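First subunit A sits with subunit B, and in the next complex the same chain sits with subunit C.
Let's turn to the complex of A and B:
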């Protein structure tokens, strides 16, 4: 049976805290702030919501608060709230689950939240903890960190495809340039190649300014079925979703320069989007997972935007710039915005909602019609790709 | 739009590890064992699955393995796997999400997993950690434990409704009696009232033998749409689901002897089940969340099986016994089986699958047609009720 058109899921509202070190706020305050803002933007009252999905990765580990959906229910006074995990891809997974609930008519209007509060920890602990999204027994327990694994991936990509330090740097420079125009971004300032070269080495060849910082943030979306969305001027419809996975541990992969999770997710998402006549060439811009600069380059390749190995060149030629042929991370990406793990996937969707409705201010992409978000976990263990249309 | 009949979700296979202290197995081995067994029971190959949902609560906190869906994908070699949280109710939430995926035609055959490995911890740590499903800022951080909160609930219920120690004890005795016939149960032995009275006091009036023990376990279900289920003899169809929430912290509730989350979830689930003509009087048996004995008594009341305050009497009169008018926890419940948090909700559904297909051996309920499962988190912060028919 084909899913009826009227059951398609749409975004009709969005809100967010700033991404920052929110020492004065707990999880509750951040949830409250982002959700109020999202509901206001959709002109929807709490009582009109019939489901809530909350994405989170570390509330148990960092904040001692397991049962995050119970906390959301309590804070918002709502009944039907489900917690979605998935490491740093949790946000995009939550959007897929909300879409399923809407398409199965179990929900008419859903609130989708991504929240993470990571700053209540010394930086040494946080490095260990974020590495728990990699394989614990084979990788993390041996002392491998997320950055060290990405360093190996980066070196191999440089060796195999001639990807250069300059190209890696240009990813960060572009994303900071875009973030400078994004009011929620934690790192709203431009950087130059010299800043990167002077920034501390994290895991050779990855420097601080090639890396997305852990952050505190909460993002929220209001999603609804086609019938309700019909009454809204500003909206974004989900045209396809895809979830992919690879070997979790980097050493088990045949080719560590490829994210097989991303190519699988891309294939699955575009197979769905094809039903609406959308092809990869139609995508106007994309938000991708640049937790480290090499991540953006590999993502560009494995989503299918550029030939394998040419992601660095794609960046260098300016194609991914805000005025390029396929703007990548107009929001500023994880690098510019900061990376509160489970909030990131929702933030990407918020950017899509703003851009497709021409509400992105100075970082507005020119007349976008179709958009793609790519949210991955760990070193590419899993990936979720969502495709949107106006 | 009414959801078409052909899109209903069904269980067609089930498998489980035993519930135990599995010192020799990691998360991977437990997942592999339960899933192999579930797939075999449905005679389904891995390649026929198009989605996987995994419920988990503590892998990040206890096992240092965040990103549990990536671990499942890796271990099973599957692409489309989503992680569902929800404290000790996570298992039932995962079933709801799989049902939504099937009903929205995003999945035809889904594997639903609940896994928890809790024994790799000293008992003092585990007490602190399981208390993280209560409210961290208001309850857990003050030193309140799950047992101490349930103790207050128990005392108040005794005072308000005359619930007796004998009635509380009879819950445990009945559930151990049933568990003695359940091969996956961790506590496969009968107990007597004297055993309870002699068991250590945990939090007055709760003794060890009123309490479900943390456990290691993995359970898996194969779920599919109506078309595929049509080819199967053994199956259980989901006729209604409901998710409810209450104030998370016990002190915020107007009446601490009631689980408002349970009454909300029950109302929502029966509203759906009514579409199939199912009323509460039609339920043949139920699996409820007896993490502490009082939990079963309050659940019986707030699901709607007995008048408020009469849950203890309901037990004392033998109504909940295996041969009573409404058998409760024929599996042995959380008390008899052990309570590997996120696996419990899946275990309840497995019991329903066995019972409705007359495959429950010596603990078989007589000719059941309709069943209900109730899975709650913390002290009743959230609850999920699923209603099944043959």
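Let's turn to the complex of A and C:
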């Protein structure tokens, strides 16, 4: 749907906890930490905020805490807080809702939070809970896990396009390398092909080191309208947004190696961004959803960065490396940073904010102009793509 | 409140010690193959090659008796003179009826003694040792016997079943310097409410909070207690001859050693988990016995146990000249480690009552 936007939404501040097993912090503590940091970064006080959007996936199931927007209001002392769902795309959905509120003049300065605490249960229970983002009736209830569904997608992609284990491994290796330079990241260590090959099999051919780990973390953004953003040196403006959907159950899709949600979202986002004269070849770097290595490869293809089936080659040729033609996941992605589900989409936007304002330190992409974030839910049931400019 | 130390009291020291490890062993791959686990991944993750298995008629009472008899041989005393007995275990024969009354009777202690069973997960044995230290150093008893014993077990399909094993260690303490083979010069404990591993009263098997048992539990308490005991003893890692940590697996104690600046050489004499698995309340005490089997007079030992729930007991021990004449008076730790017979998985299930 084409919408003519007169006023764009901007990010003017960002803050985050590290992603880790935060044994000592609950939801409240993480929310406080991230939000204090974001407000400090934007140099504003709580009183100046007029809306809050909080993304969360599993607090009801894992932490026994539903009504997460009420928790935020309580913890921060703020009114007008809305909870946003959407599986692991909840973070990006929250950014879009905040942007909508700003663009329709419902809000001038919004706080956008993504929070998740996944370390409080054994991994077998967490795996079952994560299945909630897949299709329940035909997938989760019959025993399919997110990993097993992605495994089938991976096998098909390998069969159809000759994608190799080496190419899958290179995604993880690159993302770990990038994560080593990211303060937020949980997995700041290099890995080699042998490490991946030796890591336990999760769901053939997906190994542990092809898989993003569930994590604890909270990220927060301060977003505002153009008028307020004009007073800031550091900012990132949303130039285009697209939200796409596909059949939820993998087996319903004609081609299980294609994330139609991503290609639809990309088309819509670039249609909007075209108003600012931005084309796909102008994108300087992208943060994409590598919950499993194949996720990054398919995302590269279905966003439109590479032809269908050549995502693996794109990786193998080094194009996605930090000093490559089109850096993918300079932050370390989900694999390197860890994946607190609803925080991920916000983390991607934080990376954009730092990169576009030359604040990414040793992982700085050279002179970036336009950036893209892609946040997926489950096996690609939905996708939210945002395109940013300075 | 911090412990007051031994000022004005007699030093309690080890006058006799002994271990018992059951005959049977099951290899790591024997269990891993049944459950479809990658053997190399399991072995490199746990650093355990095989573990001890109690026979169908063995339990913490029988093992406690065997270890105590070895300790009495080394102590070379009349068991009737042992005035107190504490047995630490998380797998006692009964939920209510103490191990110690059976053990004290079997080893000839007679009825006139203090004693009770002790529980603090894997540090119940060292907790028992501290209790005996108190009674001996205050001269309430002439000799005291502390036992750590367990027949650790897990759900068959749980990874914990790869490491949990069976064994016991017994230490007799006295306060006569002429009899002491190893002085316990300092002890302290570090405890906090961390529910990393527990077993509910009616549950047969424990529950393990996975990664939560690592940093907030094992590492925090072991490292803190060890730093505190070194500070109390006024020594640096380089000045320690032998160091023994609790061994839930082979990796954790090596990681603690590396963090604190101890070498593999310092760990070597007390590191037996790769051959017998995690004997729970006996683990760090079997490690200590293994050190005493080879330590030279004048050498010092740092021992830090860990019990889930959670806490660590730390000890600074100094070996005396008397060790040389005493240690060969009973079977060594090496004897029990090397004395073994391999069994298959079905036999393992039978002996550990996994098949009912």
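Keep this in mind: the second predicted complex is superposed on the first by the 384 of 390 C-alpha atoms of A that agree within 3 Å, B and C clash if a C-alpha of one lies under 4 Å from a C-alpha of the other, contacts with A are read in each partner's own complex, and residues count from 1 in each chain.
Just so it is clear, a contact is a pair of C-beta atoms (placed from the backbone, for glycine too) under 8 Å apart; a residue touches a chain by one contact, two chains touch by 3 or more.
This is a predicted model, so every value here is computed, not measured.
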item	value
Superposed partners subunit B and subunit C on subunit A - clash or fit	fit
Most subunit A residues touched (candidates subunit B, subunit C)	B
First, second, both or neither for A:23, with subunit B first and subunit C second	second
Which of subunit B and subunit C A:122 touches, first, second, both or neither	second
Subunit B versus subunit C as contact partner of A:198, first or second or both or neither	second
Once both complexes are placed on the shared chain, angle at subunit A toward subunit B and subunit C, C-alpha, multiple of 10 degrees	100
First (subunit B), second (subunit C), both or neither touched by A:145	neither
Minimum distance between Cα atoms of subunit B and subunit C in the superposition (Å)	17
Subunit C-contacting residues of subunit A that also contact subunit B	none
In the complex with subunit A, residue positions of subunit C that touch it	38, 40-41, 209-212, 215-216
Residue ranges of subunit B in contact with subunit A within the complex	1-4, 6-7, 26, 28, 56-58, 60-61, 63-71, 73-74, 78-87, 90, 93, 96-97, 99-106, 132-137, 140-141, 241, 243-249, 252, 261, 264-265, 268, 377-378, 381-382
Residues of subunit A defined as touching subunit C within the complex	21, 23-24, 119, 122-123, 198-201
